[in-house]
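Labels A, B and C are assigned to the chains in the order they are written; within every chain, residues are numbered from 1.
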Amino acid sequence: MWFLDHAWLVPLIPALSFVVILLLGRRMPRHGSEVGVSAVAISFLLSCGAAVQWIHRVQDAKGGSALGALGRSIGHLGAESSEAPVLPVLHSVTWFQNGGVKLTAGIQIDGLAVMMMFVVTIISLLVHIYSLEYMRGDRRYTYYYAALSLFTASMLLLVVSDNTLQLLVGWELVGVCSFMLIGHWWEEQQNSNAAVKAFLTTRTGDIGLLTGVIMTFFVIQRATGVGSFNIIELNRAASNPKVGHTLILWTAAALMLAIIGKSGQFPLHTWLPDAMAGPTPVSALIHAATMVVAGVYLGARVYPVFFNGFSIGSGGVNPMALIGGITVLIGAALAFVQDDIKKVLAYSTISQLGYMVMALGVGAWTAAVFHLFTHAFFKADLFLGAGSVSHSGSHHSFDMKKDMGGLKKYMPQTYYTFLIGTLALAGIFPLAGFWSKDEILANAGHNNFKFFLVIGLIGAFLTAAYMTRCIYLTFFGEYRGAQEPHAVPHVDEAEHSPADTAAAVDHDAHAHGPHESNGLITVPLWILSFFAVFAGFLNFPHFSKFEEWFDPRFPVEFHDIEPILHPAAFNAILATISVLVAVTAGSIVLAYYRGMLPQRLSERYAFFRAGKAFLVNKYYLDYLYENVIVASIKGPIADGAYWFNQHVIDNVLNYTGRGARALGRVTYDYVDQKGVDGLVNGIATVTGDSGGEVRKLETGRLQFYALMLVAAVVIFAGALWIFN
Amino acid sequence: MLLNQFLILAAFLFCTGVYGVLARKHAVLVLMSIELMLAGVNLNLVAFGAFRHTDIGQVFALFVLTIAAAEVGIGLAIVLLIYRNLHSADLDDVDTMKG
Amino acid sequence: MIAENVAFGIIAAAMALGAIGVVRTKNIVHAALYLVVVLAGGAAQFILLGQEFVAWVQVLVYIGAVIVLFLFGIMLTRAPMHPADSLDNNLRWPAAVTALFLVGILSGLLVHTFHGQKLNDLEPVRTNQITNSIFTTYIVPFEVVGVLLLGALIGAVLLARKD
């Protein structure tokens, strides 16, 4: 199992390419992009190899190999499981050891990891190739590729890690890369603001992650006696009754906060739309396909924690499903009022992430992961399509109402791939989105979460509606953008700066009006469309290869979750209903745009105007966060700190200074002048005076001296005589 | 004759000489008092020489005598010098070593 | 025996009075003369003791030369030849006390040591005995004294000359 055993190469190679590009990229003929593309390509091939070997491993387990027999014998513990258990491939090194606690760095390769590796590397590879054309002539081309490589490496590190600590490291790194890439054109204030907002909002979620990771340590310690961060042990411990429900609940809540932050759930979703300030390939890679799904991945990875913590098995409303459901609706609603095509897609991403989290919340593990898989493809397809439109069709603008329209005839390939992506997203049979979204709805219904089934259907309606609006505004109707070549540099939003435009941009869209994009852009689009069409068939009922290959097979891990995790059977009625819902929504929107429905409602009726204002202001959440929460924390704290500084610290210093001066004065006056000087002067005076007194013996008169002598002799003689 | 009578007489002379040395102002008088002391010493020596029936007493007294004469000569020369410098032979005036 | 004692007594009294006179008189010349009395008395005592040579030498040298020297000194230092106010300085009383103490101690010692020692067999000592001693036994001190006298002579001349 070479590819599985050496899966640690998959994150390592992009990491090395990051270093190489950073150090040598400027001097290379293609400015480092060749290193980036080849590194990701190698990682992709390694991931494919790993996927193939994993599939073999699964099939061997079902078949008659010794590994399978071993697996089955363990599998008797989970007797209801008809799937044979397959052990993940584990390799780790211990980097810290103290009193039984071992901290390791390692890989855990099972179906989920392999699937994620595949998704990340293929989308990253396609984005790398796309960026060769899209970012041509950019001012920081080399650093862009370096950051892309770093991101790919970090995401892969996150995905293959076998312990929550390493996962945390990867998580933080992808956050940093997201910050770097959103703020790629940081010269415009709006972009750097967006980058900071993204970073800080996900950071708020990361508080949850850090707390959660620490708590996982103690969960394992409660269960096994020795604490650790290992994921397999964590999953085992979560189902262990020795660990109190409160601890598991709090761990799940903390990790849920992390998911909310990173995967853009309500209420921390506000950073995602602003993150569209970054280059479009970045949006496709990070904010659609891979980074934002890190939260969902976390949820899938340590699912027993959530399952036991939120008591998902007992039906009813649990925080995970609820937040996911709310996110589905608010994201979809907001997508309606956006003029910027990327923002529509961003809100769409938020909504779809809501679907995934909701699926996890209703016990539909396979459905959530499968939706993650398919969503990556069609969302990346949509984003890259939008990028293609802006690159060649609307002079780097993303405003649908102002600069797009009627692009169907100018950019056919982009149109068709975008259309395929839209249909997949809307969940139209037989494209990928249909299968994955339908599975979520089926599981919601099956597992007694009828409420969320309804939410899911409403969300499907809204999805189809806004995507129809989006595609209509972009590709249908009359072309609204400027056609003449540019004499003046245009001021546009946050895409290439005028400086870049005036510089070595060598494509000639300006001279010719909208046209189809270059092959480097369209080929990735077609590849993604291909997956958008066919990826869904992996989980075709009774074929169910996705489930078979990628479900977790370690029975002890998901022992009592297995009954719930059995995906529901394909429900044809529900499937039909969901397709009908989507089609209806699309038709209504088309009718609106064809003028068959009342127009300009928001301008005529105050009710609709208020509703639109509410949506346009994004539910005033940004206002709440920035002006209310942040300001109210910042203001008093800043004032308090200032007061403390002026009155306490300064006073301490002043009084210390005064005290020192007074002490100095006292010392000078008493100790120095009177004491020390007095002592010294006193000694001198005493010496002088005594000298003066003694001097009186120095009369200079001979007879006086003689008298002294004789008197002394007489006295001595007398004394001698008396005492003898 | 008792030995003591001579010796006590000599002691008396000596002490009188001491008084004179210490108490007299004029330098020549001081020298005279020194002579008194030496007279007492001579008497002492001779008395002992007679007592012991030896010559040393006389001989020693002879030497003392000689030396006394020399000393008076020198002393008077010094007094003369003092008189020349200070125009007074008063020993109270010889106090440049005062202080 | 008694004659000796009487003679001693008279001479001793004279010497004592003379000594006191030296140190108490207000007239310098009188002091010199009182010194003559003392020195003469001393010579007499020597003869009483049988030490004739030194007695006559004392008369010759002391009274003859030394006193004359003193008189010359008195003259050269323009000492007042008539009774002065006081020839004593302000150390009179401490000096008197000291002298008294000294005489007391000395007397006490002497009485304590030589109590009852008599002078017996006093014969006049012949001159040649003395001179023989001087020129044989005590020749070195004799020569030294001679050199000393020479030195004193030269010194006195040096000191007193006008230059």
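The rule we apply is simple: a residue touches a chain if its C-beta (ideal position, glycine included) is under 8 Å from a C-beta of that chain, and two chains touch if they have at least 3 such contacts.
Only a predicted model underlies this, so the values are computations on that prediction, with no experimental measurement involved.
The most distant chain from chain A, with centres taken as the mean of CA atoms, is C.
Counted by C-beta pairs in contact, the busier of A-B and B-C is B-C. Remark: chain A and chain C have CA centroids separated by 131 Å (rounded to whole angstrom).
Centroids of chain A and chain B (each the mean of its C-alpha atoms) stand 124 Å apart.
Chain C has its Cα centroid 7 Å from the Cα centroid of chain B. The set of chain B residues that touch two or more partner chains comprises 18, 22-23, 91-92. Chain contacts: chain A has residues 701, 703, 707, 710 touching two or more partner chains.
Shared interface positions of chain C, defined as residues touching 2 or more other chains, are 89, 91, 94-95, 98, 102. Per the touch definition, chain C reaches chain B in the complex via residues 1, 4-5, 8, 12, 15-16, 19-20, 22-23, 28, 31-32, 35, 38-39, 42, 45-46, 48-51, 53-54, 57-58, 61-62, 65-66, 69-70, 72-74, 76-79, 86-89, 91-92, 94-96, 98-100, 102-103, 106-107, 110-111, 114-119, 121-122, 125, 129-130, 133-134, 137-138, 141-142, 145, 148-149, 151-153, 155-156, 159-160. Taken together, the chain B residues at the contact with chain C in this complex read 1-9, 11-20, 22-29, 31-33, 35-36, 39, 42-43, 46-47, 49-51, 53, 55-59, 61-63, 65-74, 76-81, 83, 89, 91-92. Across the complex, chain C is touched by residues 701, 703-704, 707, 710-711, 714-715, 717-718, 721 of chain A.
Of all residues in chain A, those touching chain B in their complex are 695, 698-703, 706-707, 710. In the complex of the two chains, the chain B residues touching chain A come out as 18, 21-23, 30, 91-92, 94-99.
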